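The two complexes that follow have chain A in common; it is paired with chain B in the first and with chain C in the second.
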Partner chain A sequence: MLSSPISYRIVEGALVLARKSFPWQAIYQMGQFALNQTGRAYTGKVPLVWTSAFFPVEIAWSLQLCPFSPEVAAAFITGIGFGQEALSMGEEAGYSRDLCSFHRCIAGAARAGHLPRPRALLASTHLCDGAPLLFQNMAEIYNAPCFTLDVPYAADRDAEVYVAGQLERLWHDLAEATGRRPDRVALGETLRHSNGFRENMIRANELRCRVPSPISGNDMLAFIYLFFIGQGSREAAEISACLAKEIEEKIAGGRWGGVEKFRLLWLHLKPYYSNEVMSFIEQAGGVLAFEEFNHIYWPPLDPDEPFLSLARKVLAHFDYKPVEERIRVIRELAEKYRVDGIIHFSHHGCRQSTGGSLILKEALQEAGWPVLLLDGDCLDGRNEAAGGMLTRLQAFFEILEERKEGCLI
Partner chain B sequence: MITAGIDIGSLSTDAVLLRDGEVLAYSIVNTGAQARAAAERAFEEVLEKAGISASEVDSVVATGYGRMSVPFAHSQVTEISCHGCGSAFLDPGVRTVIDIGGQDSKVIRLDRQGNVSDFLMNDKCAAGTGRFLEVMADRLELSVAGLGEEDLKAERAAEISSMCTVFAESEVISLIARGVPRPEIIRGLHRSIAERTAGMVNRLGLTPRVMMTGGVAKNPGVVRALSEKLGTEIIVPPEPQIVGALGAALIARKKRSGKGV
Partner chain C sequence: MLGWVCTYTPEEIFATLGLESCRLYGDDRGEYPKADLEYLPVNFCPLGRACLNEGMGKGNPSLTGVVLTASCHALVHLANAFRYAGERRGKEFFVHLLDLPRTFDGNDAAVRAFASSLRALAGRLSSFYGVAWDEGAFSGALRAHQSVRRLLRELYQLRMGQPENFRAAGLLEIVRAAGRAKKDEFHPVLDGIVNTLKGNENGESRGGGSQAATLLAVLRRRGSPRGPRLLVAGSPLPFAYLDLIEELGGNIAGDDLCQGYRYCLPDVEEGPDPFISLARGYLERVPCPRMLAGRERFSHLLSLARKTGARGIIYHALKFCDSSLYEYPLFREYFAGAGIPVLYLETEYRDAGLEQARTRIQAYLELLGEQAGD
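Our next item is the complex of A and B:
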């Protein structure tokens, strides 16, 4: 079912019928885009490339390839209830339970034949050091070439030149491996789409400073799909434009807002298996005012210097730097979105995110924000005591309430 | 004003009745398989002890893992806030609360006003909890209550390196087979719990004064091992098991009157 393009066409059709029930047409459009992309991935008509979460996907779009994010697919598989089966198969394949569940799930789903066969795999070494190794393993299984972008930790001029050189070579090699013609004009056009997405998301993010929040953070977490897959596509630019316009209209119409008991900043991702975390937050009067993953941190791309500007974008990520940089960015976001508290979802197995979380928590607490490190797993619910997670959240809200109201209500 | 706090834990359910901030009575019953029934039993028992009827109680707050299963509660508050509130009431100078319950352990930091400012909670495994001690007591053919007394007879502690309940039980079996005296094994187990708990305390940041609550605080062996490990005195209230319920009753009063505790 998962690997049949027809399934996605059927759901796409069903989505059209449900169009009006979507609170945001941008989400509807993104759903259509995601289904169309996934369906295309399984038809095999367009050369398919797997891209790791932080790889500059513009490279794939510029060669008219079909990018596919196995990490997003793992979240989707988990969301529709096949996660445990895939995780178990990944573990049977030799992936330890101490590894990131996204990677275990991908390995298992690949083994089960749920994932589309790639013509090439594109991985980046920054932010997630498990992904390039997983991709190398997958490349052997699928007998496809794996291109790894080596991103140095220091973001200086030498690093920019080094990464840009790799990207240019990779672009040519990928074109050859997939039978595409490298076209600088198409590359420039892709970068313009990417800039469009960037500008629209900045516009949407600025609008989200309004109190009360004009859009739910849980809805906004869905847009991570565009960050992982869409950047450089015409569709992502259009969908983000639609999003910004809809938020503007909602504010202009004066028909937004509700009671906001606590404004929250959400760090990292969320659990995708069946759980009550987001509904619990909502019921308790919590609002995700902003999410770390929706922050636009990179400068605009220059179509005249495509590889150098893509290199700058890759190197600009605030999480791929000493933890002080993440602290600086999170503090800025907390101030900008006037949050009452910060929740860091500490995904088990993610060293990049959880490694510095204690330092981050201490620094943010010193600056005056209550911080909850919510230990959990995005995909693997087998080790989670649901009650314990909700108790932590409730206790955190009780702290916020005490600070705000002076008593527990 | 009469208020009640009901703390439904995994092993015991505790109830406290307060009249204008003074404890009227308390009860402790086994939770068993039905949290709701345990809450009703604990409430009935505490009402009987105080000689009052349920209709005289102005407000009830439920806490603990079974807090949602108390139909007669007016609101539910986490055990983290309740243990914090109860501890601050018993000793306003307390800044760190260690609550080791039946199935989880918590470290709570209090600010100068006695409000919870931060906390850590371990509920991922039984290591360092009351359940850990239950398993070991069973293996050593003792009651849980007898562990503390037996610890006092030890001249030294046996080395127990595992924190995991299953692995530690295997180690205990090996120590029994080697003829290591039972008190030494028990002291080793208490040190294992102390090691685990001290890690949580230090992660949150140790700020004296420290109070220990929850059923495990009744075990002097654990308290001593933890005190030694942390290098600080640990205050244990006369009945540490009811601190959560006491906090719940205090919060019930606060909610009802809109005043501070």
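Our next item is the complex of A and C:
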């Protein structure tokens, strides 16, 4: 069914009919983009490449390939209710329950033949230890080449040159493996689209400084799709432009508002297997004023120096530096978005994010922000850490409430 | 005194600069001491937590810094924790995170990148400790490290021929001692051990002094030597598990552990640029699970199994060690294809849980026995 073009036409029709019910046209457009991409992925007309969450996907777009993010697919599979099945299959295949559930889910879904077959796999080593290891295993299953971008931790000149050199080699090797012609003009065009996306997201993020918040953080977390898959595509540039424009219009029209009991900064991703946590926050009057994932941290790309500037982008990530850098960025965001508290969603299998969370919490608390480390799992509702999340949130909101009352006195 | 954890850390650099160093292992017995939990979460590499405790705990006042490789997020956050804990205690503490390429197929770019990380490390150490790099001292340090590694490999060779007579945890204890010692001082000890083992049947010590005698004593096998030969692979494991395997009759003929054989492997050839020599020597040794070299690693281990006559492999994964946990599914499949059954053990780098493991190891050894028609 997934490989039949008819399926996509049916879903596309349903999407068009439901267009008006989308809170934001940008989300509707993103739905269309995602559908179109998924169709391309499963029908196999364009060579498909799997890209890991933080791989500079511009490389794939510039070769007119179809990028596919298995992490996003795992969240989608979970969202439509097949997560448990895929997780169990991953565990049967030997993937421990201590591993990131995104990856267990991917391993299970791949084993069951639910994921589209890649012509090549592209993984980067920064931020996620698991992705390159998983991709290595998946390359065996699909008998496809896996290209790994080795990203050093120190972001100095040597590191830039090292990463840029690998990117250039990888770009040519990937072109050869997928039967594409490497074209510098197309690469330059891709980088311009990527810059468009970056600028539009910065615009949208600036608008989000308004109090009350003009857009819900839960809606904004949906744009993670563009971060993982879209950067470098014309569509992502257009959708993000639409998003910024819609927020602008909303503010200009004075049509926004609502009671904001607590403004929150959200770190890492959210649970996808159930909406319970997000609804609870909303019902308690909490608003995600900003999310760590939507922060634009990298400088603009230079189409005349494509590989070097992509290398700089990759190396610029604030989470791939001493934890003090993450603390600095989070403090800045907390001030900028005038939040009352910070929630770190501690996804069970994520060493990168959770590993530094205790230090992060202590430092941010000393700087005056209440912090909640919310232990849970993005995809696996069976995880015992997930139990008690609402109770912990409730207790955190009580602290925030007391602080507010204290301020009034 | 500098602490380090990962076997991709070239100790030669410390020795050249005249700095003492010791490998951190953390305590692998009993329950977690409370201090472990201060800056690292519970769902985090237990070895990393144990090393934080060892390095920052009361028992190690001589430690003035650590050099950790950016091999995995466990070590990255361990570096954060050391730095943070050092600052909190108002202690001037040296923390360096050493970049280490993740992929290596013999290409010069990775060698150059690693060499540049090593040069940066030497530079930082020089200015922090006020010591200078000396080419002559480097040659001496290189020779001393090479000869210790050569002797360790010889010891492994001796064990390979007659694993029934060796205690695997004892061998790892010798490797551990090597990682903590000044190499020129440890060389005669090791030499004494090797000579003793080669030279006489009754195990009388032949040189190396009292340390050699003590280490020879820990090498002595206690368990029953009747069972099949095995290899041990995966993440560093508590010694008590190795003793248990032997107590149940398994004969450990080789290992693929960073706390074991992989430590003994780097072969560094002196060349015009010391950092390039070190980078190449360390990168060219048999890769560890984080190096994304699955099949290459497995084929080394397979040939070791064939050479030693090992019928099975015990694969140990530390809880939350992504490098091992992701490798395992492929590992299991590969060795199943080669007709070598794998037993999977998971621990928290503690000897707790030994009793549950007993039954599984027993059943596994029986299975290997049946397969061989014993």
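Just so we're on the same page, the second predicted complex is superposed on the first by the 391 of 409 C-alpha atoms of A that agree within 3 Å, B and C clash if a C-alpha of one lies under 4 Å from a C-alpha of the other, contacts with A are read in each partner's own complex, and residues count from 1 in each chain.
Here is the rule we go by: contacts are C-beta pairs under 8 Å (C-beta built on N, C-alpha and C of every residue); 3 or more make two chains touch, one makes a residue touch a chain.
Source: prediction; values computed, not measured.
S.K.: Touch test for A:358: chain B only (first), chain C only (second), both, or neither?
M.R.: A:358 contacts both chain B and chain C.
S.K.: Could you say whether A:264 touches chain B, chain C, both of them, or neither, answering first, second, both or neither?
M.R.: So A:264 meets neither chain B nor chain C here.
S.K.: With both complexes overlaid on chain A, does A:107 touch chain B (first), chain C (second), both or neither?
M.R.: second
S.K.: Is A:144 touching anything from chain B or chain C once the two structures are fitted on A? First, second, both or neither.
M.R.: Neither partner.
S.K.: Between chain B (first) and chain C (second), which does A:154 come into contact with in this model arrangement: first, second, both, or neither?
M.R.: The answer is second: A:154 touches chain C but not chain B.
S.K.: Please name the chain, chain B or chain C, that touches the greater number of residues in chain A.
M.R.: Comparing chain B with chain C, the partner touching more chain A residues is C.
S.K.: After superposition on the shared chain, which partner residues are touched by A:323: those of chain B (first), chain C (second), both, or neither?
M.R.: A:323: touches chain C, not chain B.
S.K.: With both complexes overlaid on chain A, does A:66 touch chain B (first), chain C (second), both or neither?
M.R.: In the superposition, A:66 contacts neither chain B nor chain C.
S.K.: By the touch definition at the top of the document, which applies to A:134: first (chain B), second (chain C), both, or neither?
M.R.: Touch status of A:134: second partner only.
S.K.: Does any part of chain A touch chain B in one structure and chain C in the other, and if so which residues?
M.R.: 358, 385
S.K.: Show which residues of chain B lie in contact with chain A when the two form their complex.
M.R.: Against chain A, the touching part of chain B is residues 65, 77-81, 104, 115-119, 121, 123-124, 203, 251, 254-255, 258, 260.
S.K.: Over in the complex, which chain A residues touch chain C? Could you list them?
M.R.: 93-96, 98-99, 103, 107, 125, 129-130, 132-134, 136-137, 140, 148, 150, 152-154, 156, 158-159, 162, 165-166, 322-323, 346, 348-349, 351-352, 354-359, 385
S.K.: Provide the residue numbers of chain C that touch chain A in the complex, in ascending order.
M.R.: On the chain C side, the touching residues are 38-41, 43-45, 70, 72-74, 76-77, 79-81, 83-84, 97, 99, 101-103, 109-110, 112-113, 116-117, 120, 290, 292, 294, 317, 319-320, 322-323, 325-330, 332-333, 346.
S.K.: Please output the residues of chain A touching chain B within their complex, sorted ascending.
M.R.: Per the stated touch rule, the residues are 358, 365, 370, 375, 383, 385, 387-388, 391-392, 394-395, 398-399, 402-403, 407-409.
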